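So that you can tell them apart, the chains are marked A, B and C in the order they are listed, and the count of residues begins at 1 in each.
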Amino acid sequence: MQRSSTDKRHFIIAGVLVVVVSLALYALLYVALPLPLQASTQAATIDWVFQAHMILLSVLFALVVVFMMYAVVVFRRKDGDSSEGEHFEGNTPLEIAWTVLPLIAVVIFGYIGVTSLRTVTAAQENEVVVDVEGFQWAWAFTYPDTGAASADLVLPVNQPARMEMTSRDVIHSFWVPEFRVKQDAVPGQTTVLRFTPTVEGEYTLVCAELCGLTHYNMIAKVKIVSQEEYAQWQQVQLAAMGKTAATAGSIDVAQGDAPAVDN
Amino acid sequence: MAVANPVAPGAGHVESAHSEAAHGHVPTYAETLANNRLGLWLFFISEAFLFGGLLAVRFYLWGGTRPEVSQFIGLLVTSVLLLSSISMYTAEAALENGNRRLFLTLLLVTAFLGLVFLGGVMIFEWGLFPSLYEGHLTPWGDKYGAVVFLMTGMHAIHVISGIIFILIVWNLGRKGHFSPSRKWGVESAAIYWHYVDLVWIFFYPAIYLIGTAVTH
Amino acid sequence: MADNEQRMSLLSIGLVRGLVGQFAGILLGFALVVLIRALAGYDEVWSTEPAWVVGAILGALGFLIAIGAMSDWFSWWRGGETPFVHGPRHPGRPTWARYFDVDYNHKVIGIQYGVTGLIMLCIGGSFAVIFRSELARSGLQFLQPATYNTFIGMHGWAALFGIFIGIGGMANYLVPLMIGADDMAFPRLNSFAFWINVPAIVLLLISLYYTWDAGWTVYPPLSLKGSPGFQLVFWSIFLLGFSSILGSLNLVATMLRMRSPGMSLFRMPIFCWAMMATSLIQLTATQLIAMSFLMLSLAREATLAMPFFVPVLNAAGVNIGGDPTLFQHTFWFYSHPAVYVWVLPGLGIISELLPVFARKPLFGYRWIAISSLAIALVGFLVWGHHMFTSAYSPNLRVWFMVSTLLVAVPTGVKFFSWLGTIWGGKLSFPTPMLFTLGAISVFLLGGLSGPVLATVATDLHLQDTYFVIGHFHATIFGGFVFPFFAAIYYWFPKITGRMYNEQLGKLHFWLMLPAFWLMSVGQMSVGVAGMRRRIVDYDPLLGGMTRFNLGFVEIVQILITISAFVIAFSILIMIYNLFHSAEVGRVAGANPWRSRSPEWQIPSPIPEQSYPRPLHVVGEPYDYGLATSPRFVAGDD
């Protein structure tokens, strides 16, 4: 009655189960791991890579767990049976196979990783540059092109944006979950983050690096608006600061004590 | 598979005393010695990561630069330390040849040279005694002072422990411990001292030679 | 008179003596700092932080001297005889007293480590239960932000102490037994390495008096500001590192030198190979965290203010100071390999138990042994994957991404070999086997979430979110906590001579596994949706931009908190089970699991002298199902 463990039927049944469970698992993960709204071009790439990983995860998880549970059910010891299991100590071709196949998967995913990284960080023409300064526990934004300064981050939709970031005290981290990408702001250095917002609306910029007492509350409003609204906002902002766009060019970063060091 | 492995001959493993209360296998001196040697070398491997880490810090922060330091003092203390390695080596050889007086004297010479090295570092590098020598580096001023103090400080801790170790060995030797065949204490102190010297051979160029000197 | 006698007997307990010694050492340190400052002519002779630094060092020394962990060495330095004492060092004392004192028997030291590890795990877990209660709802409930921030760091480090010390327990108890040795290569060093942990724990607990709000990773510049509590943490970890280095040195020497006749390296039970790889990491990488924390200690304003990690501008505006990213490099150069320290022993336990309960040889013994070494080796090349969002060069990002993904390969070899081991076996499922299988499923979840983080593009979204939290709780529970519990149940009859209660063991498992799954997947879920880590309060709607606008974050948070309580409750069941069964459990016999490993061939509990006669090993470690393969011959020669 007991089939040999190398009987083909075991592998056929388990194989079918792996396929079924992989699909079920992927569906489950899709529901259980909800990505935020996709609001930048970078987000599109990242979400694609994420889903590729979820497929890999589902398949590999199903593979291991199905075979494990299959063995648990089929090869369990019956009551009163005190005999031993089959004797085999290993199988070198098999070991090589399950070294090489994951290696291939790693190479593929490494390739995906490298290309997606390039796409996500690529410099674009016509970038809006914003100088971002983090400090305990708020953010300040200045627009070097016009000299406007603000506590909210306002950006035109569909135009690449480049954050030039630094910090006044400790390490902070710039993150808008809807844009996906994240970058630390480090005292004494300038770090760069690029993204292209694609959906108009209001978002929240959060600090993602523990920075002390009210790190949890180190947030800023992010508004993605149309080009016209953006231009208008710049004017209003400058007017409020008592400057005009014409003189703005000569006005530098508002925060005088920002160390503008690069190393 | 069921072939009995012949028991490795020798090595004190041929054990016959089976008293129930006592220890079944009392390690022989040779076995203990082999254990100790291995242990010491493992410790050195471990420490190598510490000193490697310090060198990495130096290259990360300084890159191709280094502070303005006195080449003469650097060469001097390095020579003193190398000399102490030689005296340590000769001390061990003297013990092996049964010349206990020379052995003890050379141990003291080694400890003394170690102290001279230490004094040189403290006076000239750290500027601890401004009345003797006005040092220009401080631990808190900039990355140059900080790294110099970190590297030489960590090395100095090892030199001090090495000197204490040598003095303990000297004291034991004075009381008649150690013989040409049983001298693990001496051997370990010597290897430790050579190791500390070796570390300096890496630190010396990293601090004194590599990179362009900057004044600030 | 009677009062006096009682005080005498209290001080004769080593641990008490040690704590008194530590207290005295701390006071001495304080006094020394005051003295030096007075002599140096400071106006303010008292300065808390330097006092704590010197107090921490002298306190640890005081502890070790008072408990007697260094007595033999002192005696040797003075030229005294230091014959090696085996057996109780104070005959006539009750047996329990041995466990509170310096003792050179590796089995005693193993239990000392194991129990201390479990206690630290419970302390660390209790902090989690407290701050999880805060997180059950959004808004601030009962924890102040400063307290919350301190508690997460405490939770992290206390639990990690639990792991390091718990591993020390398994290693010290099992490795000498498994290779047929009488004891470790350096029994005195072994005891010393254990007892350093206790002053370290004391310092860590004292640090709670202050707030230190930088998490377990204590990144500067944040950790350079704020209270002296940081110094206590730095020096606590420094001492823990000392213990790791000395303990692992001892283990490597033991495995290389103390094997019984016929026990070739490739005949060692697989757990020894796991410990070999682990020890090689601990022996080397630990130096880097010692260096990093020493640098932090020296970099703080109240000590030497050495500018390793903060920029300093000169008159020309050029940075002549340091760089915060440097710390991240040195910290992770240790701390990434350290995560393999936390799991390799556990994976070794899994490989060790599966053959016993499947009655089959371990599939691909050599591959598994070598994969541990491979993981340890590659583990040294990947530290930068914790820094994908830090300030460093894009080329390094690519290198660290690819090297990190590579670790999946040797880890996979282990998983597939485990499947090969149970395939076609005769499986039975007592509690240790359940925990082993549970560990595989949990570690698989944690491991497979690793490559998602290792890929830079996705990590840019996930870094510093609860996805990372979910990832590492799954790896830690699958790689350490579940296997550790499996090991406790499995070797319990060997240690005590009695069987644990099987019903309670199964209850523990069936409460803990689903609760843990819920907790870990829940954490990953909110993390993907955008929840940051290390925040005391969160937006239940996460800006209202997720696919679910139902405030699902808060629902998941409640589920995680409930899971935390269920896990805590199930652990309480285990603790009760262990204590109760040690008294009344059924007598187990020498080899209830019919194992081929050496330690099961001798009586339970193991007598003072494990192997009165040298063990002669003639067969393979896992030849289950081959009646004709003997493992040992009687050692009479």
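The rule we apply is simple: a contact is a pair of C-beta atoms (placed from the backbone, for glycine too) under 8 Å apart; a residue touches a chain by one contact, two chains touch by 3 or more.
Nothing here was measured: the structure is a model prediction, and the numbers come from that model.
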{"item": "Centroid comparison with chain A (C-alpha atoms), farthest chain", "value": "B"}
{"item": "Core chain by centroid distance, with centroids computed from Cα atoms only", "value": "C"}
{"item": "Whole-Å separation of chain centres (CA-atom averages), chain B against chain C", "value": "31"}
{"item": "Centroid distance [mean C-alpha coordinates] between chain B and chain A, Å", "value": "48"}
{"item": "Mean-CA-position distance for chain C and chain A (Å)", "value": "30"}
{"item": "Sequence positions of chain C contacting 2 or more other chains", "value": "321, 323, 620, 623, 626"}
{"item": "Contacting residues of chain A [partner chain C, same complex]", "value": "4-6, 32-37, 39, 45-46, 49-50, 53, 56-57, 60-61, 64-65, 67-68, 71-72, 75-77, 81, 83-91, 94-95, 98-99, 102-103, 105-106, 109-110, 112-114, 116-117, 119-121, 169-171, 173, 175, 177-178, 180-184, 186-189, 191, 203-204, 206-217, 259-261, 263"}
{"item": "Contact set on chain B toward chain C in their complex", "value": "1-5, 7-8, 13-16, 18, 20-26, 31, 34-35, 38-39, 42-43, 45-50, 53-54, 56-57, 60-61, 139-147, 149-150, 168, 171-172, 175, 177, 216"}
{"item": "Chain A contact footprint on chain C (complex, rising order)", "value": "145-146, 149, 213-215, 219, 221-222, 225-226, 310-311, 313, 317-319, 321, 323-325, 358-367, 389-391, 394, 397-398, 401-402, 405-406, 408-409, 412-413, 415-420, 422-429, 437, 440-441, 444-445, 448-449, 451-452, 454-458, 460-461, 463-465, 521, 524-525, 528-530, 532-539, 542-543, 545-548, 552, 620, 622-627"}
{"item": "Residues of chain C defined as touching chain B within the complex", "value": "77, 79, 84, 86-87, 182, 185-186, 189, 245, 249-250, 252-253, 256-258, 261-262, 264, 283-288, 290-291, 295, 298, 304-308, 312, 314, 320-323, 326, 329-330, 333, 609, 611-614, 616-620, 623, 626, 628-630, 633, 635, 637"}
